[in-house]
Structures are given as structure tokens and as C-alpha cells.
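See the structures that follow.
There are two complexes below, and they share subunit A, which is joined by subunit B in the first and by subunit C in the second.
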Partner chain A sequence: MQLTLEFGGGLELLCESVKIHKVNVDPPNGPEKFIMKDLLSWVRTNLIKERPEMFMKGDSVRPGVLVLVNDCDWELSGQLDTTLEDKDVVVFISTLHGG
Partner chain B sequence: MEESNTKLTKKGGGRLCCICNQRRAALKRPKTLEQICRECFYEVFEEEIHQVIVDNQLFKPGERIAIGASGGKDSTVLACVLAELNRRHNYGLDLFLLSVDEGITGYRDDSLETVKRNEVQYGLPLKIVSYKDLYGWTMDEIVKMIGLKNNCTFCGVFRRQALDRGASLLKVDKVATGHNADDIAETVLLNILRGDIARLSRCTSIVTGEDGPIPRCKPFKYTYEKEIVMYAYFKRLDYFSTECIYSPNAYRGFAREFIKDLERIRPRAILDIIKSGEDFRISTSTKMPEQGTCERCGYISSQKWCKACVLLEGLNRGLPKMGIGRSSRGLNNDPKKDKYMKQGNGTKSIENKQCGSLDF
Partner chain C sequence: METNGVGGSAADMSRILSELETLKTAKNDIDRRISALEAQLRDTTNIQDKNDTVSNGSCPLISAVHSNINHDLTPDSVYRYSRHLLLPSFGVQGQSNLLKSSILVIGAGGLGSPALLYLAACGVGRLGIVDHDVVELNNMHRQVIHTEAYIGQPKVKSAAATCRSINSTVQIVEYQEALRTSNALEILSQYDIVVDATDNAPSRYMISDCCVVLGKPLVSGAALGLEGQLTVYNYNGGPCYRCLFPTPPPTSACQRCSDSGVLGVVPGIIGCLQALEAIKIAGAVGEPLSGRMLLFDALSARIRIVKIRGRSSQCEVCGENSAFTQQQFKNFDYEKFTQAPLSTLPVKLNLLPEDSRISSKEYKEKIDNGEAHVLVDVRPEHHFKIVSLPNSINIPLASLEVRLPEISKALKEEDNSGSGASLYVVCRRGNDSQRAVQCLQKMGFNSARDIIGGLESWGHDVDPNFPTY
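Take a look at the complex of A and B:
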């Protein structure tokens, strides 16, 4: 499954200052069911190079990190349960840096 | 764009906006929990700020207003929205961007590049005042001298004063800052945690410093950080978001995290904390310090010398700890005026927002 992941608001600093990552993910439970929860643990293992606590808390993002799936607030699509599909664009933005 | 629209509908995330009932909802408002589309969001976001400006009479026609600009998200969105509202509602304001250059290599020099682009993007004239010009020291030089402990005291005190000096150079009537609802809720909590009732009652005021040289106002007092960041993202605004390299204020960090945890469970908590802060005002009987002027530089001060002059004297004499922490030894020992410090528990002032982010 091909996904575009974008990190902003300072989160890019946790993945070697690269903002946009085009990635190929192998859904662990088959291509039918890949949800945000799975993606977060994939990102944590494969993209985050430092201070993972700035990105995650428990099995979700840290409060204050906004998530958009195809430019739509993930609070509208079920947050961790949001189902992802091939070519989806997921954006993570920290609100915690600077004013 | 087309493609992602069909995709979302397929996914079941294609709910309609509860305001226009036509377009696909793009975000959930923390304040109201409404699901709204991008276009309706721009509209309610901007018009709510307009309403706050009108209700609180933040500006008068013909005034010159400086926007404290750090290049960060809050002040960038503030500049964009104020420029737009000024046009749309004929405020008749002369708007300026005012930035402070602390002299932090790799941080402020980069964020100032963002502000310089904002100057062009929003057509607002920019003024930059630097620590080096005002005080003879850059933050880098100060840190070299004092180390990483306490540097935020310098940053906070110098920045506040630098902004006033820049504002008077621009001859503005008022300075607008980007403090948002989350920032204010956080400051309310910190002041409660420190038992600082004087600051608690001041920190929720939408206009401050009316007795000082130049009043400051917070048009984003009721604006959620989430919406500011969403606005900047959807409008593809150009802002700078790297943490100040000299920053961390652990105590403030915890308060921040706590507010964000509360917001996740019940987003209204942020407005409720601000409301509590406002209501505390009634019961306070803490005396505010008398305002005089600094004997040395003429800046407002409740003591003989202003805080910046005390810190600067320490730096220049090679005694950088002077003026940090409890009452400033030696220079300001008027016992009457010191009383206020003790009432405030003798704690250092809580700077609004950690160092490096915009706090004035």
C-alpha cells in the first residue's frame, strides 16, 4: 500500500527534517484492513528517529498533534479506527512548537 | 483534489458541513464540536475574531497597530487575519509587523526570514529591533556568558522591553499579539499553581498595559490553537515552527501537556479555565505594584531600576546572576516596593510561553 505521509509544525525534526515521505507499507493483517492505529505504530518503528514521545502518547498521537487524512480532520473519520487505502495522504502537524 | 473527494465519500468520511449542508466537512471545531467544511471554517474563524475585536473595542479607526511577529503560527495567522479584516470591515488601521531579533543563530535568523516573506505576502511594513542594538548583547553572547540556566529570564525581560521600544519607534497606538486561548488557559493554570493572584487576574485581560507606554491586546483570546493551526494549514500559510534552541521550561511544559490532555477529553475545558481565571478577579485583594520609571533608562518600572537594566548591569559587570530569581540583591532595596514581590511569593515572573516563542 502506497501512502504519502507529511510531517509539519516541527514534527519533521523527528524524522531527519524530511517533511514528505512517500512510503510503501505492508498491511500486517492483509490489504483489507489497515487503520490509523496500525499506521502510527509503523511510523514509530520506521520513520521516527528521535524523541518518539514528541509524536506519540500511548498508542495514539500525543495530544496537540493534529492529524488529517486526505485533508480531513481525523476526528471526523474515527481517529485511530480510520481505515486507510492505497494512495491516501496522511498529515501530522504539531501545534506545540513556537508561537 | 477530485480524486481525494471521491475517495473520502467511499470511505464514509464524507459527512456534510453542518453550516452550509453542501460541502464535505473538513474539521471538527473544538469550541462547538460542529463538523464544518473548509469555506465555512474560514468564515466562522475570521468573523468570530472580528466579533471579539468589536465587542472589546480593541481598535479605533485611524490607529497605528503593530502585530508582534515571530514568524510562528500564531502571529503569522494573526497578521493574515487582521490584514483581511481591516480590508473587509474598514477598520481604518495602519498595520505593521514588529519583530524582535534576539540574536539566536539558526533559530531567530531563520524565523526572521519567514517574517520578511510575510511582509511581502500581506503587504505589511516590517520593523525589526535587535537585542544587539538595544542592549549591546545577543542572546548567543548572553548564553555563552551565563550558560543555559536562567537564560529565559533574560529572554523574557529583554523581549518584552524590546517590543515596547520597537512599538514606540513605529509610533503605534497598540501592539496586537498572537496569544491564543490555549496559551491563556495554560497561564491561568501556572499562576494558580504558583499562587500568584496578581498575575492570575491580569493574564486573562484581553487588553493589558493601558497604564504603560503602549497597550497590548490579544485578538486570539478565545481562539483555539487547533483552529489556528488548521487555518494556517488549509491556507498554506508560511510559518516557522522550530523550537527555540535555548528554551525548555519544564513546568510550563507540564501545564501545556495537561491542557492538551484535558482538551482531548473535553475541548470546552480551555474556555472554562479562562472563564475561571476571569472570575477569580472579583475576590482578589492583592495590591498591584506602584508604577514608576526606571532611573536609568526611563522604561516603566515598579522599582528603582527596571528588570532589564538590572540584568544588563549584571552582564556588563560580569555578574550575570544579578537580578535572577528572588529580589534583586543590592540595587533595588526599597522595602516598601519589595513587599509586592513577597506577596507574589517572590517567584520569578512566569513568562507567557516559553522562550523563543513569541511572548511579549
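Take a look at the complex of A and C:
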């Protein structure tokens, strides 16, 4: 399954300062079901190079990180249970406080 | 300046500076009065012209048109805001709404500067400015409302003077104080719309909660580095800040402009967009950015507008079962909640025992005495490029453990007498250097010591010509 993963708001620093990653993931539970929960653990294993605690807390993202699946807040699509499809774009963005 | 003349010169300088300030304040005041009188004069002349036309009876048509004005814009306002009035989708109604509205901008920094400039120019009825800070030289690249003449003076005073010089018909209200739970309700309750242009997490939670309690729409912007974010909270059934971020992020995830840097124009763009959203809400036109968030990436020139969740029924502040009252707001400890201070003063850690630390003056003595030593600068490489102490070696904290052999080698090379060379660690302000010494001591470099207050204290106590940033 081809996915585009984007990191912003400083999260890109955890993956060697690369913001956009075009990746190929193999769904562990067969080709028809790959959910956000699977993707998070895949990202943690394959993309996060340092301080994983700045990306995840428990089995979800840490507080202050917005997750967007195809430009839509993952709260609206089922959060960790959101089913992903080929060519989906997933954005992880840390909220900013500066001004 | 000659050394023997320092006393007299300093007194002279302070006298000149104080006289300059008095004169400048007087000048600003006079400028303001002149613009106000000029505006008054234009109004009076316009009315008189029209009266003249009516009284000489030569052009009854104009008199009829005059009586057909069914809005409350003065002739001067019609002229000043004519380009707004010419917009079919904004027009007289939008401008009239704007002139009757009141907007509070919290923070007169990178976001607040452009927001205030446009809000003053566009003709908001009343414009409040909250800030407790003073203008500094390192603000000027992004905080474009301030001029060099105001360095050292309160940002509120500086911002208010600029706003008045752009539009003397707007009522500008100055709040030269930090926003706290003790004064927030009192201040925010006097405005229709709130613009959050602050720079830290506890302020953002505090302002959002206060807006929920008072039922005010909140235009929230943030910028850091080369990225910006913008949304409108608590508007027309949309979410509040807490619906989106119920749990505060860890403090290590809250970067600040003074540490991470910011390209000046980035908060400029977000601040302008904040003004735009506030104008749309005040003018009652268009679709404010509620339930959506704008993400701006300057480097790749991309703007993304995403759909965010609606109001959460479980939200502790705005949710269905929430009973968050004004009294609870007043008692809420936002610094404790976010584990971060409301002001942006840098944190001063104290991790090491006294004998593992030396002052910058003591370090200077060691250099003067020719003590054999190695100085490790643990700042990131791009900091090291700005400025560094002579003969220091740069090993950023993040790579310290893997680069220990370099330190061992340097210590051996410095050790001419055979009695060992000392190891000192420095950073920008003296926090990372302590973390580094903790790590070094754990790895067997028992004599490692850090320089208290880092390069900042070197610039302050040893070499005033050493650049600070």
C-alpha cells in the first residue's frame, strides 16, 4: 500500500528533518485492513530516528499532535481505527505556540 | 568613551536619554492631537460644504441625495474607507459593523504587530492591546509595528502610538500588563472579538478558556521557524482550544522563537490572516476559519486548510456537562497545568553541585593563568557558527555520547605537564552545559565542570563586546 506521510510543526526533526515521506507499507492483517494504529507502530519502527516519546504516548500520538487523514482530523474518521487506503495522505503536525 | 570619563559621560548620557524620551513622548502626543484635529476639521468642512450647497438652493438634487444617506458613516469615514465600501461583499454594512466593533489583541509581538496595523487601519471602533514586554533590538526583524526609537520602551506604548498615527479615529486602549487569570475576565469582557497573538502554551489555554466562559470568538495564530498555524475557536458552535488539545503537550515539545528562531515574515503572514479573520467576524461577512485550520509551510510555499473536529461534548471547558465557571477560571493554575511559565523568560536549571560549576569570570582567570584545559561547546552547530569562544570545540549535546573519544584525545593533547588538563563545558545560557556535565561525569570524566550562565554570562560579565543572540 502506497502512502504519503508528512511531518510538521517540528515533528520532522524526529525523522532526520525530512518532512514528506512516500512509503510502501505491507498490511500485517492482509491487504484489506490497515488502520491508523498499524501505521503508528510502522512509523515508530521505520521513520522515527530519535526521541520516540516526542511522537507517541502509549499506543497513540502524544498530546499536542494533530493527525490528519486526507486533510481531515482523524477524530472525525475513527482515530486509531481509521482504515487507510492506497494513496492516502497522512499528516502529523505538532501544535505551535510561538508568536 | 574614555575610561576616566565614564562617570560623567554616563550621567550625561542618562540625562540626554531621559530628555529625548520626554521630547519624543511630547512629540507623539502633539502628532496625535494634530491628526485628531485635522480629522475633525475635515468632517466639519465636509458638512459645511454640503450645507452651503443646500442653502444657496442652486442644486436641490444634491440636498435630496444628502438626505438619502441611510447609514451612520461620517463623510470622512466614507472617504477613508471608500475602497471597502466599493466591495459589493463588504460594503457599507460591513464597514458599519466594523466601526461598531471592538477587538482585543493579546501580544504586540510578531503576530500582534501586523494584526494591529491592519485592524487599526481598517477602522475597528475600539482596539485593545495587551503586552507586558519592552521593545528589543532582536524583535525588530518581525515585530514591524515598533520602530528603533522605541527600543527599551513598553511594546503597548509603541504599538498604540503607531496605530494612532495610522488611524486617529480608532479608540486605542492600552493594557501594559501581563494577562493573568486575575485580570483576564475584566479585560476580555469589554471586547467582541479576541485575537491570541501570544507565544506560549499556558497563555493559549488561559485565553481560550476565558473566551469560552465569556462567549467570545477567538482568532488564534501561531508561528515558529518557517511554519504557521491559524484557526478560529469558540465561534458559531465550533471547537475551543481544549476540544482540540485536551491535554497539554510536554514542555520539551513547546519550542520558542528565542530558542528555535523564526523567519520574520512568517508570523507576519499569520498575523495578517488573523486580522483578516477578525475583520470577517466583526464585519459579519464570509466564512470565518472555524472548524478548519490553516497550516502554512513557508519553505515549500504550501498552504493547507484542513477540517478539524467540532465542539467536543466531553470538553472539560465548553462541553455539554462542563460547569467551568468564571470563579473556576480565576482559580485555575495554567502554569501548573502546562508545566510552563506564562512569561517567556528562559528557564534556569540547577542540576549540578557547586563544585561542578565555575563562573565565566573564574573561567577567564583560568585562561589568563594559562591553565591546561579543553572547552567543549555543546550548542547545536548552527549556534556555534553565530559566535563561539576561541579554542572551544563544538560537540552538540545530542551527539556527545558518541563523540567522547574526541574529548579524550583533546585532553591528552592539552596535557603538557602530565598532571592532567581540566575539562569545561559551555552552552548558550548554562542549562545544556549542566546536562552535558552530568553525562560526562557518568561516563568517567569526573572533573568536568560547566560555565554558569553560559556564553550569555561571558558577554555580560567578561567581554561586553561578545555578541549575544
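As a working rule, the second predicted complex is superposed on the first by the 95 of 99 C-alpha atoms of A that agree within 3 Å, B and C clash if a C-alpha of one lies under 4 Å from a C-alpha of the other, contacts with A are read in each partner's own complex, and residues count from 1 in each chain.
Following the convention adopted for this analysis, a residue touches a chain if its C-beta (ideal position, glycine included) is under 8 Å from a C-beta of that chain, and two chains touch if they have at least 3 such contacts.
Model, not experiment: these values are computed from the prediction.
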Fit or clash between subunit C and subunit B when superposed on subunit A: clash
Partner chain(s) touched by A:Thr83 [first = subunit B, second = subunit C, both, neither]: first
First, second, both or neither for A:Leu5, with subunit B first and subunit C second: neither
First (subunit B), second (subunit C), both or neither touched by A:Lys19: second
Partner chain(s) touched by A:Met36 [first = subunit B, second = subunit C, both, neither]: neither
Contacts of A:Ile48 with subunit B and subunit C, given as first, second, both or neither: neither
Overlap of subunit C and subunit B interfaces on subunit A (superposed complexes): 8-10, 62-64, 66, 68, 71-73, 75-76, 91, 93-99
Subunit C - residues contacting subunit A, complex: 107, 109-112, 197-201, 204, 221-225, 227-229, 244-250, 252-257, 260, 262, 267, 293, 295, 297, 300, 304-309, 398
Subunit B to subunit A touching residues, read off their complex: 3-4, 7-8, 10-13, 15, 24-28, 35, 70, 72-75, 111, 178-180, 182-183, 225-226, 228-230, 233-234, 240-244, 256-257, 260-261, 263-264, 353, 356-359
Subunit A residues within the subunit B interface of the complex: 8-10, 13, 62-64, 66, 68-73, 75-78, 82-83, 85, 87-89, 91, 93-99
Residues on subunit A engaged by subunit C in the complex (per definition of touch): 8-10, 19, 50, 53-54, 62-66, 68, 71-73, 75-76, 91, 93-99
